[in-house]
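Shared chain: subunit A. Partners: subunit B in the first complex, subunit C in the second.
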Partner chain A sequence: MFSFMIESNHIPSTDFIMTEIAILEKIKKIVTPYVQRKEGLEDFNDSTDFLVDLKINSANLVDVILDVEDEFNIEIDTTSMDGMLTAGDAKRIILNKMDN
Partner chain B sequence: MIGNDVIDLEILLSENWDTSRYLNKLFLPTEQEFIFHSAEPNIYLQLLWSLKEAAYKAHQRRFNLSRAYNPLQFSSQVYSETKNELLGKVETGNAIYQTSSIISKDHIHSIAREDTKDLIKSIFETPIDLKKEILLEYSRLYSIPIKELSIQKNENQIPFLYRNKLKLEIDFSFSHHGKFSAFILALTNS
Partner chain C sequence: MEKRVVITGLGIAAPNAVSIPEFEAALRAGKSGITFQPKLNELNFNCQIGGKPDISEEKLSEYFSPLQLRGLNSSGIIYGVISGTDAFKDAGLSIATQESPDWDTGIIFGTGILGVDKFREAIHLIDAGNTRRLGSTSVIQTMASGISAFLGGILGCGNQVTTNSSACTTGTEAILMGYERIKAGKAKRILVGSCGDDGPYVWGGFDAMRILPGAFNDNPQEASRPMSAKAAGFVPGSGAGALVLEDLDSALERGVKIYAEVLGGDVNSGGQRGEGSMTAANNEAVQRCIKAALKSSGVKASEIDLINGHLTATGKDSVEIKNWVTALNLKTSFPLINSLKGMTGHCLSASGSIESVASVLQLQRGFIFPNINCDTINPEILALIPEESIPRRTIDKEISIIAKASFGFGDVNAVILLKKY
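For the complex of A and B:
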């Protein structure tokens, strides 16, 4: 039992990968209304940069954060917000908060 | 170092602008007090946001900092207001940036600066190639053929002017919002 648990930490389960994809999809849906460069959404992935690729106004990044908080029922503190520049950053923060 | 920020007042900054959840992520208690004791909270909120943005740009450029979304680390205040200009300052860590802003009927423009060197400011109300405008300005000022000039961003997305392959120690800042574009360019005291 115990060794199985350790194993599962090393090999991501299919469920886990599915979760990551689902989270990324939800992030995409959340940011869409604020995107000023729509072609940036075509290849939406971990490295998609909210300000550089999607040209989201910096004052709207907080709206994105509030929507993420509501969608995932988490609270994003100032320190986490600091590093939320890409879709991948947002995904990691969400996964982290959901674990706690 | 200098930074600037332009805000198109025809665009609503955020639908959540007057909720405490939104405000608490962007503005310190002292800033919120200033905003809501002003005659037009919606305008003064955008004014303080422009101060933070302008100071962030100056600060990031000064220390070549990697990008961060940390508005609460920039404490802004306005201490003098005349018909033509609002003067203020932004503090972050040990650094202080002096600010000057204008509020017109359709836009806000703010400049943050570490020093008092002269600068050129241009604000455009129509869609424009801002990079080209700044290159033209620099080319005219220093009589350098424009084809020798270019702008490239470094690893932290900070733009720099180049003459051929030489990086120039020229301080400038861009800003876009809605239909407005603006740049400031510091003049070298030579």
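For the complex of A and C:
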């Protein structure tokens, strides 16, 4: 019984997967107004690069951060922001901040 | 060889009209754009009226992308982009869609102050220790050259792209700067113009100087009274005017309509010496500017059909008239003279370009707009020029040459000469 419970913790719960998908969807919605290469949104996933795939103007990344902060009610410091190049990066930073 | 410079496009965002056909109709009808401003009333201003272009949300979305509209809170940029884009299209120019900009087209678009409301937003955030919340839009909407930068990006211009600033002479000065660059062969086309912000934070300083009329809050359309015996101070206005200046050869090659020719002009300063000061003009400087403008244009005083004056609607209008009379030195006659400010108020840094657009329309369409709110002319003015020189009704008449003048704080002057093409 006890060992089963530990093992089950290694498999992400359905709820958790749903949260990740929902967060990714929200990120997609947030970045959409800043996207200059709309094709990049068609296959939006963890590896989607904001500057390369979506051609977001780098100056607009600070606006994306502010919109993310408002949506998830979190604060993203400058250090975390520097590592936010892909949708996956953004998702990890959001999950991390929401846990804290 | 020096190039001839013509006007091939016009755009306008004035308190009484926001398109060229509407503006022409407003000019002919003597339509006032001065309205009661509830915000100024709330804030206990002495003068609670002003002139603001009326721009709908729908209109905004025709000129700005959804991304540009996010956090856009700079009225000067809104007016400047609308008038500038319209002038560009009116000149039959297409927006550069390719990777390269149009190297032969530049922008000289002035302003007095830009993005004041945006700056206020920033100040509140900064003072609350929240600087990081400013986002990326604060700088581009508050830098003076924000207007030329916005237009440069929207239109894709690759020649000189800059913003000039010289208080109320800004717009007329921009025309001369563009004219000189094209004349020298350094550009084929320059979109010139000027814009100005509005609202309490721009107009408050003038209200505090007690130079705005406070007795017309219930009847705003009667407040701005250039050359009138009852002139009571200038009514604050805002907006933008834009003109495409073009090398005549380029315009002929493109086969586009030509509104008028810029014959020349002059800018100078009275150095705040003599009767000149930060806020008043040195009369000798004004007269020298008028004379130098005529000389540079190769125009004789007697050839001027119409003067579009600076004439702000203060008691000092008579001093301006005296300067024209002295500088032109016409013994027996005086040209017609009018002031747009009766309809728009004093649009400050935008005034020179808005009034130049009005001047070009009068030349090209053959009419002279009326001086409104001027039933009883200031007797000091009547002692200088005949009443017939001050039309109070629209006159349909072909005219050939207009002198347009703007004078500004800092004791700076600009006069240009325009000719029907």
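Basically, the second predicted complex is superposed on the first by the 91 of 100 C-alpha atoms of A that agree within 3 Å, B and C clash if a C-alpha of one lies under 4 Å from a C-alpha of the other, contacts with A are read in each partner's own complex, and residues count from 1 in each chain.
What we mean here is this: a contact is a pair of C-beta atoms (placed from the backbone, for glycine too) under 8 Å apart; a residue touches a chain by one contact, two chains touch by 3 or more.
In this text the structure is predicted, and so the values were computed from the model without any measurement.
Colleague: Please determine, from the superposition on subunit A, whether subunit B and subunit C clash or fit.
Modeller: clash
Colleague: Applying the touch criterion given at the start, work out whether A:98 contacts subunit B, subunit C, both or neither, answering first, second, both or neither.
Modeller: So A:98 meets neither subunit B nor subunit C here.
Colleague: Looking only at subunit A, is it subunit B or subunit C that touches more of its residues?
Modeller: B
Colleague: Have a look at where A:59 lands relative to subunit B and subunit C in the superposition and call it first, second, both or neither.
Modeller: Both: A:59 reaches subunit B and subunit C.
Colleague: Taking the superposition as given, does A:21 touch the first partner, subunit B, the second, subunit C, both, or neither?
Modeller: It touches nothing on subunit B or subunit C.
Colleague: Please state which segment of subunit B collides with subunit C in the superposed model; the candidates are 6-14, 60-68 or 114-122.
Modeller: The superposed arrangement places subunit B into subunit C at 6-14.
Colleague: Show which residues of subunit A both subunit B and subunit C reach, each in its own complex.
Modeller: Looking at subunit A, the two contact sets intersect at 59-60, 62-63, 66, 78.
Colleague: List the residues on subunit A that touch subunit C in their complex, please.
Modeller: Its residues touching subunit C are 33-34, 59-60, 62-63, 66, 78.
Colleague: In the complex formed with subunit A, which residues of subunit C make contact?
Modeller: 66-67, 70-71, 132-133, 135-137
Colleague: What part of subunit B is in contact with subunit A in the complex they form?
Modeller: Counting only subunit B, the residues touching subunit A are 13-16, 21-22, 25-26, 49, 53, 67-70, 72, 157, 177.
Colleague: Provide the residue numbers of subunit A that touch subunit B in the complex, in ascending order.
Modeller: 51-52, 57-63, 65-66, 78, 81-85
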